[in-house]
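The structure under discussion is supplied below as structure tokens; questions concerning it will follow.
When the chains are written out, they are named A, B, C and D in that same order, and each has its own residue count from 1.
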């Protein structure tokens, strides 16, 4: 198992650089975590450490109550929210949190991003929904994420007045959802600045989403 | 011929980095292809592979029906659209597809970008037109591109609720059109945020476009 | 003491690169300074020197009246404002000045940035206030900064028609405040472009700010 | 003299990278030139060559009628405009042209950028004025630049429906003006999106501009 954890430490450390590359985070804000498959454990970013200094070694190993199992630093202050998601969504293997600009701008108005782009139908299959306003410090944020995404196709939720949480089968999928969330939040914002984007028919959204989730990319066997 | 194809593989792989450099793509979205001159073949990006991992070797060689001739990965999910363009436009040697932000924002409203900048008259010679809404999976997108650009000076079309396709005599020209399309879509958007851009006279557009297409740049013999 | 000053020279030189990294400055605009702990001295950027050429060696050592103590160049033209802050705020160890785009846009309207994001409650604990219009050349800017921030939780002030000044316990904290100031100024701006951001309750702002200022990040002993 | 020209070739080639760094240009658009001091000669970018491939060696030496004196490529298609400026403004040693987004957005509306920021008073000392609509191909653009900037403090002019031209005592000063022009065009644009920027009093503009042009930066003897 320690080999799996070492690989996850590297994977989670590296994925944080994708948040930097796509401009989703500033300073020490934002975090990525991954569930240790088959274990009640997660790997997450340390709290308040610069993105330049993130290494596989300083990632924190926690149990699913957010207690540190291995690590010299404190874990991300959002660890409780990540842990709550893993406890209540066994299908989720990765969680990401950012305050990316455009997504957070929609969140600040408490307004979902309408599904008006084919790329949004592909990745989100619906509007990106708004979760409740919740203070850090207990299970409120985690519960808000889980309740909002229950039965929703979208892997992203805009927590009111706060920012974005995304989920995925693994950490990479959750990072991809965070990147796509900001991208479509920005494009739809820009589009609405000069008028109303055309609606997509529900049937078209359904077909695009089905195809993308089942056909797009490389077949596992091909990689 | 295999030497030509090797050169095209390198050229197409390299041109994908221009999409990254100019911020036209995120994650694995977007794709560039090139026709193999004199052959019923095209070279295109593999599907769902990171831009960091694109190499001459993993570009996919397809016939003009989109079937893989050589390549270990699946070709871009937009291959059918590229192939359709090559079959119906023998003058086209390169095709590019992106969801670049500002161009896609106009596409989401189904609104063409008006030709109000001299740089737009140079490169596009007209408004950047809107193509139909078309679902992926058959010839609808390819047909929409070809029909919209038939008899149009613009090498770019904004596919409704989707994104941009550009064409060119070769892949580099199509990439240039994609870069310029986003650039003018952004500038005209920004300009309209605070009022109406001044119209350009048709006669001025015609003169600028003629000069740019026939005089600008280095004479072939000079290079 | 000269060892402390050498460390501060390096620290201040390096922190200027954070202004570049986050796009807060262009050309030679902007500056960071640090108080020499326990001395009536400060270290600051030279005036009109390119960010590429900033080194520990060309940082300027001044007294708290802004007179050069050590350095081959003239100090930043904003040195008087920095020095005024250090003279009147013994708790301040670092000062930063930028014309970052979104913060300066609020400053140009003379409008404070309302506290409508949890990240803003964390870092600023209140709106980011507007300071007076003040000309460079005497103590007006320094006095405007000190008077506006007196008794205010925010470490950032938007000087009317001008730009941002931030303070911190050290230079790094002031740079962090400058980075966060632009980040939230941008997000709130974008949010307001399409409607009104939801207000945060004062009680929630208070609780978030208290927690962030007292609990977030690594405990000193842990580092 | 050939040593002076070699130095200018390097200087002009290098300064083009500043246009890239600050995002003022895409693809091959934009150009920088420098007058050869004391000679009826200028050094300018070749036409249609990628910014990655610009070197001291491929800069073009022209006379002040725009004829190539030395160079293997064709000079920038804007050479006639640069040459006209040098012929009619003996005080000008550098000229820059870009289509930078925010400046061009104001140009597309034919609207000057009002002087509402202290940084704008410093560098421009007034609004950034609008020049006439002029087609490429004869002296119209050059004449429009010279006539608009005659007796104006601003080193930048927004050519209607086109883009920016800036002048300076040398090429570096003109590049600085191009960078600052885009910066203030963007900040004032953003500010006006949510209301009206506060006006600056003419007297304050005058004082700021006098000080900046006469006191800011390093004294020549100090460098």
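Please note the rule applied: a residue touches a chain if its C-beta (ideal position, glycine included) is under 8 Å from a C-beta of that chain, and two chains touch if they have at least 3 such contacts.
Just so we're clear, the structure is a prediction, and the values are computed from it rather than from any experiment.
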For this session: Same or different, please, for the chain C to chain D contact, judged on whether over half of the interface numbers appear on both copies.
Result: different
For this session: Would you identify the chain whose Cα-based centre sits farthest away from the centre of chain D?
Result: A
Problem set entry | Inter-centroid spacing, chain C versus chain B (mean Cα positions, whole Å) | 44
Problem set entry | Computed distance of Cα centres, chain C from chain A, in Å | 31
For this session: Return the residues of chain B touching two or more other chains; collapse runs of consecutive numbers into ranges.
Result: 193
For this session: Once you've mapped the touching chain pairs, tell me: line, ring, star, complete or other?
Result: ring
Exercise. Between which chains is there touch?
Worked result: A-B, A-C, B-D, C-D
For this session: Please name which positions on chain A make contact with chain C in the complex.
Result: 26-29, 46-49, 72-74, 77, 99, 101-102, 104-106, 108-111, 133, 135-137, 160-163, 189, 192-193
Problem set entry | Contact set on chain D toward chain C in their complex | 22, 116-119, 176, 179-180, 183, 186-188, 190-191, 193-198, 200, 204, 207-208, 211, 215-219, 222-223
